[in-house]
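Two complexes follow with subunit A in common, the first pairing it with subunit B and the second with subunit C.
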Partner chain A sequence: MLKNKKIVLVFGLVIFISLPIFSNSNKEKASETSDKVTTFTAFFADPNSSWNGMQDDVGKFLTEKTGVTLNVEMAVGDPAQKINLIAASGVYPDLISPKGDNGALIESGALIDLTDLIDKHAPNIKAVLGDQIKRLRHSYEDQSIYFIPTLDAINQYYYKVGGPFNLQLDVVEKLGYPEIRTLEDYEAAIKAYVEKYPTIDGQKTIGLSLLADDWRIMISTTNPAFFATGAPDDGEFTIDPKTFDAMLHYKRPAEREYFRWLNHMNDIGLLDKESFVQKYDQYLAKIAAGKVLAVIDQDWEIGQAVNSLKSEGKFNRTYGKFPVTLDESYKIPVFQQAGFNGGWGIAITKSCKDPVKAIKFLDYLASEEGQILVNWGIEGKHYNYNEKGERIIPADVLDMKINDNNKFKKETGVGNYLLSLRYGDGNKDSTGNYYTTNYPEQILSDYSDFEKKVLKNYNATFWKDLFPKEDEFPVKPWGAAWNIPIPNDSPITVFQQKEQDIIRQLIPEAIMATPAEFDGIYDKMLAQLEAIDSTKIEKEYTSYVKKRIKLWTE
Partner chain B sequence: MANVEASKVDLFVKKMYQQRYLYLMSVPFIILVLIFNYIPIWGWIMSFQNFKLGRTFFEQEWVGLANFIQILSDKQFYLVLRNTLAMSVMGLIAGFTIPIIFAVSLNEVSHTGYKKIVQTISYLPHFVSWVVVAGIFYKLLSTDGGVVNDILMKLGFIGEPIQFMAKGKLFWWIVTLADIWKEMGWNSIIFISAITAIDPQLYDAAKVDGCGRFRQIWHITLPGIRSVVIVLLILSIGNLVRIGFEKQMLLSNPLVFDYSEVLDLYALKYGLGLNRFSFGTAIGMFSSLVSVCLLFTANGLFKHYSKESVM
Partner chain C sequence: MKRKKINVDRVFNTFNGLIMAIVLIVTLYPFLNVLAVSLNESLDTVKGGITIFPRKFTTENYKVIFTYQNLLNAFFISVLRTVVGTVAGLIASSMVAYTLSRSDFQARKFFSTFLVLTLYVSGGLIPGFLLMRDLHLINSFWVYILPAIVNAFYIFMIRTYMEGLPFELQESAFIDGASDITVFIKIILPLSTPVLATIALFIAVGQWNSWFDTYLYNGSNDLLSTLQFELMKILQSTQTGSDMARNNNVLEQMTTVTPDSIKMAITIVTVVPIIMVYPFLQKYFVKGMTIGAVKS
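Let's look at the complex of A and B:
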């Protein structure tokens, strides 16, 4: 008897252990009525450390207004892995913002076509888009609309210079505000300052530091090559504005000269020896120490370090932006317009509990009221109207916004809800105020006194004043080539990985080599690119560019 | 003859019946192994398909050996295979000799308290994650205030700081060194415990016979832990191609790419990273097959020459 009991016990244990494997753990899909608060699950590829579970001021207001709260999961590490997992599992969050890694989701049919939903339930989104709704269509072959664009704002007018040629304010100040227009000027300024001040705060002065940590090599090392030689940002390819032929931008002869200049900078010891070895955090630490005179990088990549310089009051160690090019015959095209790109944004998945409510939520965010809310906050709390009807941020709120932006975002939620279509900087709403908080006067108040002094000596008010303006360049009819969706099984996908493997190794090698070896290594790189069929792939890419132009104009 | 066979089977069944509870007790573990180790092998089928997400098994496209052909015709594959094998062989040699030497010499220390402290300190780095270890090594070998460069400069061996991390040829050594620093103490635990299991009478007898310290080590300690060493060695040889990728990924940088890419990184980048699940699976399958072959070869060799084996 006793023995039998034991057997039963063992069997029971086995069944108990194996039960969860066979049961389906995903059964929570109770339908909720639309007047109650609906919680949508969401996944964002861009982690936002200020996200507060919608418990901030704006979040609470939004829930009250739309009956929606979001339960957000954000990417940890590489978002592509998580997104593929989501696509493979078939268990989708209600909303998903995958940025560039949307291929697998679309391929597996996870996303719903929003065309009808927008048509029926989203008057605000339609109004904001107008004619440009064409640009939301995915591709020439698949004209469904999967995303409400969140990355690219409508009619964005750029006030701020993002980069890439930064020079410490102290350098130009101490040198008596020399003209910084070409790489030669840039180099001369760095050189003169290093000679004059070999150490900064007791640490060795670093002339120029670059970053090559993984994909960041593109931002700091390879993309500036086309900026400095007058070509706009189209990712790894450069597009001929007349024939729309794509070509790997490294093949442009002028870019070889840019890299040759970097090689020269290394040769004369002005380039940080650790440039291609250092990791992102080491790079930031160096900048935050104030000892790096020049960084060739975008604002968003060095922002963290610059903020810490500001909070320590080292305003002379923050950076000014200069329109540097290879020589005077080029114009730096950082303000060349690509038009509205559609592209990356937020999608509603097949498993969404209530797609209509979801699109209405996004539509509210795109309304004038919603846009003012996400950009400015709540009236009476985060902004007021003065007697002239101008929207004003109270001094204490502004102080927190500038000096403790992380806390500001977390508490107020301003800037946390850029989850739908919206107007970019420089657009005015029905009250005659700007939709966003980036407008000339506001930007000016962000500048430190030191920065203003430097700008004054260059006869400028904004950094942008030093740069060639939008109207000096034609609008690119293909938008930004880097966000043209390429199907997963296209040979371009594998090519780009191989191309990156070659570039990420040989560009640093060429720069670190002696000047005599430079051409040999650069030629070797071009030969290796040819060996992986770059010419064939360029033709393929050209066809995608042409198809996009067709999609947008038809 | 048939009779003998039959009686053998009878005996087996009888014995099985006698041991029925033992068999029953092993059932849960067999189920676990089936679920976690055998059922996933089903996924290998993917490597003969052009697998796409969101399609059922029957909708997938069959491509035969195309994925394997693609792998074997990729030059980079041989490069990563070379790196993988080089680093794992170096790791294997250093990862055995050094912990054994450490264990043996620690065993010779007579002060128990000191012994305990040293042992504890030596295995603590095992619990430090690779991210941190990589950070420490980067800092140590940095040209900007790195300890190693500073010492070499002060001693006058070099005039200019050396860019250790930018030298491809040094990469394998750095990885091996970091691995030893992290795992030496941990790996020696099993040898230390094997040494303590040796009968102390043997040492006494050896002393009577006039053996010195080194003779004792050579004739008693080392033969005493021989079987443990061989079992561990065979198992590690089986894992030669699977050295993981954390160390390589964290310690590498674009300049040493030709020496730092390993099989798993390659599978990650060109397989999963590009949503080429079939390609990634094919690489995984390839390395599993190689592992099994290596394991059996090593096992067979040891069985033949030293009469010790795991199977």
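Let's look at the complex of A and C:
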């Protein structure tokens, strides 16, 4: 009997507790219809854990100003799954930001063409874009504008060097700051240091380590080949700047020489023997131990290991970035500008309650007032102007921003509303201040004293000073080729899979072979690429590049 | 002769013990490693070499997780769906199973075949979503409970067990004037506790671990969010957070915690509550209550 009573009690409790759950849906409806505030539902492909349901300072201000509040759902796991579900079920949110997985939405007609809405209701968006509004058009066949780009900022000016040729600061310091300009210099520095210091902290010194763990092989092993030979990052294809012909970048004769150099590094024992078998975490562990002199990689890939070194105060084991190329006739094009890429952004769907209000909301975010709001916060609270008219973040706010960024974003909302068109770093507003909070002086505070000392010996303040500048290269008229939308049914998609299988097998094989065998293996690789119709695919790719250029200029 | 026998026993025991010890280590080690990494400083973990003890102890990784809002509410919903889902699932599955176990049930074969089909054929993601929408189960707690309230596999497990019970027990009850319901509740269910406990565990673990249905059906409703879904979100956003550095325009990088450490801490947070259920169900895994119940 006692047992039965307990069960009844538990059941009673469960039912009592679940009752309020039933009534949820009613509550929500009530809030939607209240006075002038419109609640737009939205789906974002990028999760943002700092999103606070617009209850942060900036969010409240935005609601007051625009009469809009957002009820956001964010992707978890693979966004494509949910987006395809949204497209197929016809249950669209008011706004959607699908990133790359927009094909199904466009094909099912879920998105509305924004051309007219922008023309009539969005003066700020128009002003920010200017001529580049052409770059928003979806494709040559379908010239509708579906997205207000949010991923790429306009006129983004980069201060930071991402990579790829890193050399430990201790190496250049101990060797008396030699010029590091070519692969030869790079190799000589590594070699001299290894001979001088065969061990670091009791562990064997590793000259150069590469990473080839799955897709990461592109970042650390194959992409640097085009950087070192003067070609910009266009993914697996390289685009001829005059004829716009696409070609697999491995076919460029100069790149064979780059891989030959890696083969040579292996031959003389400077290349880490584990390069092509190590996993990402093993690679990071090596770098974090401070024993790897040179890594050819991007900043974001080795960031964790470098942070680990910094946390232990081993600043001499962190890396400097050098404009290394095959020989002096090349210029490393890491700062070559692609222009505004358009592309991924936020769209208004067919089921949107009030498209005009939605576009006006996005337009406000793109206005000068709006952009300062989303980047800096609210005047008097998150920033002030000093007597010189410079925008300053108060010390307590800055302290929270640096040391507890998560809390900062949640409470202030700064950085949570990059939902519309905006200028990138390095652009000044009408008050003469930068739109964004990233500016050159800020990077300096990130440098360690050791780093500053090394840079001073190279007569530079920033790593960027060592590199060829933006204006030394023409702006690429095709943008970045890797984000040209390729239809799912195109043979290019299948080709790229096969191509990767060949590359990931034969490039490591060529590098690990003896110098005499190198050419044979490289030729075998090119022959295999030819066997899967690479020439035909290149022609197909060329047509997409040319179409994009036509779409953007006509 | 005698001495030899003892030796054989001893050899068996030694090897048995050894093999069990190896099995124990192999199964326990990964878990201890996860625990150690979750309690180790992130930037130290990057250097590798953590085994079963943290090298630099910290609770920072857990702090990061527990600063997220809505975890308490989500935890509550997770517990609720586990309890309600398990109880409802057990009741429904055992009732179907009992019906199917009775040989005097005419449509037995048809329903069995029908249930088997559901094991092999499913409607797929999008039709499933459309069905839930038309049933008005979206944005509702009951979408966690109702769609999967009966599961063919569980039904068959329970049915097989029930068929193994001596039918004479039911027969004698019927002779004493008991109805089908009485027999089911008073005789069958009490005798089936081992299989019911097993199934309860299956359902409970499944309910506890599931996050995808939250994402599909209730993703926009914070009140109905589950713990696993919230943890999944944290994991994803720490990962994108570090990926963001690729865009170069995000200068402020996460310096104190790495996605890997967060992942380990999340694993611990997920696993510990459900592990605590096991000891309570242990006592039901007792067989043999029916032995000697019937004399023939």
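Note that in this section the second predicted complex is superposed on the first by the 351 of 554 C-alpha atoms of A that agree within 3 Å, B and C clash if a C-alpha of one lies under 4 Å from a C-alpha of the other, contacts with A are read in each partner's own complex, and residues count from 1 in each chain.
Note that a contact is a pair of C-beta atoms (placed from the backbone, for glycine too) under 8 Å apart; a residue touches a chain by one contact, two chains touch by 3 or more.
Since this is a predicted model, take the numbers as computed values, not measurements.
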Exercise for the section: Would you check which partner chain A:N406 touches, where first means subunit B only, second means subunit C only, and both and neither mean what they say? Expected result: second
Exercise for the section: Name the contact category of A:M512: first (subunit B only), second (subunit C only), both, or neither. Expected result: first
Exercise for the section: Figure out whether A:D46 sits in contact with subunit B (first) or subunit C (second), or with both, or with neither. Expected result: second
Exercise for the section: Kindly classify A:R422 by the partners it touches after superposition: subunit B alone (first), subunit C alone (second), both, or neither? Expected result: neither
Exercise for the section: Between subunit B and subunit C, point out the one touching more subunit A residues. Expected result: C
Exercise for the section: Have a look at where A:A289 lands relative to subunit B and subunit C in the superposition and call it first, second, both or neither. Expected result: second
Handout entry: Which superposed partner A:R504 touches (first subunit B, second subunit C, both, neither)
Key = first
Exercise for the section: Could you say whether A:N488 touches subunit B, subunit C, both of them, or neither, answering first, second, both or neither? Expected result: first
Practice task
Go through the superposed model and pick first if A:Y158 touches only subunit B, second if only subunit C, both, or neither.
Solution key: second
Practice task
For A:E73, decide between first (touching subunit B), second (touching subunit C), both and neither.
Solution key: second
Completion exercise
Intersected contact list for subunit A, partners subunit B and subunit C 10, 14, 17-18, 21, 81, 84, 88, 282
Exercise for the section: State the interface residues of subunit A toward subunit B in the complex, per the touch definition above. Expected result: 3, 6-7, 10, 13-14, 17-18, 21, 80-81, 84, 87-88, 90, 103-104, 107-110, 204, 212-213, 217, 273-274, 276-279, 282, 488-489, 493-494, 497-498, 501, 504-505, 507-509, 512
Handout entry: Contact set on subunit A toward subunit C in their complex
Key = 10-11, 14, 17-18, 21-22, 24-25, 28, 41, 46-50, 52-53, 71-77, 81-82, 84-85, 88-89, 91, 93, 151, 153, 156, 158, 160, 162, 281-282, 284-285, 288-289, 298-300, 303-305, 307-308, 310-311, 401-402, 405-407, 424-425, 436, 438, 442-443, 446
Practice task
Please name which positions on subunit B make contact with subunit A in the complex.
Solution key: 21, 24-25, 27-28, 31-32, 35, 50, 52-55, 76, 138, 142-144, 161, 163, 165-166, 253-255, 257-258, 269-270, 272-276
Completion exercise
The subunit C residues in contact with subunit A across the complex are 43-44, 46-49, 64, 67-69, 80, 83-84, 87, 125-126, 129-130, 133, 139-141, 211-212, 215-216, 219-224, 229, 232-234, 236-238, 240-243, 245-249, 251-255, 258, 260
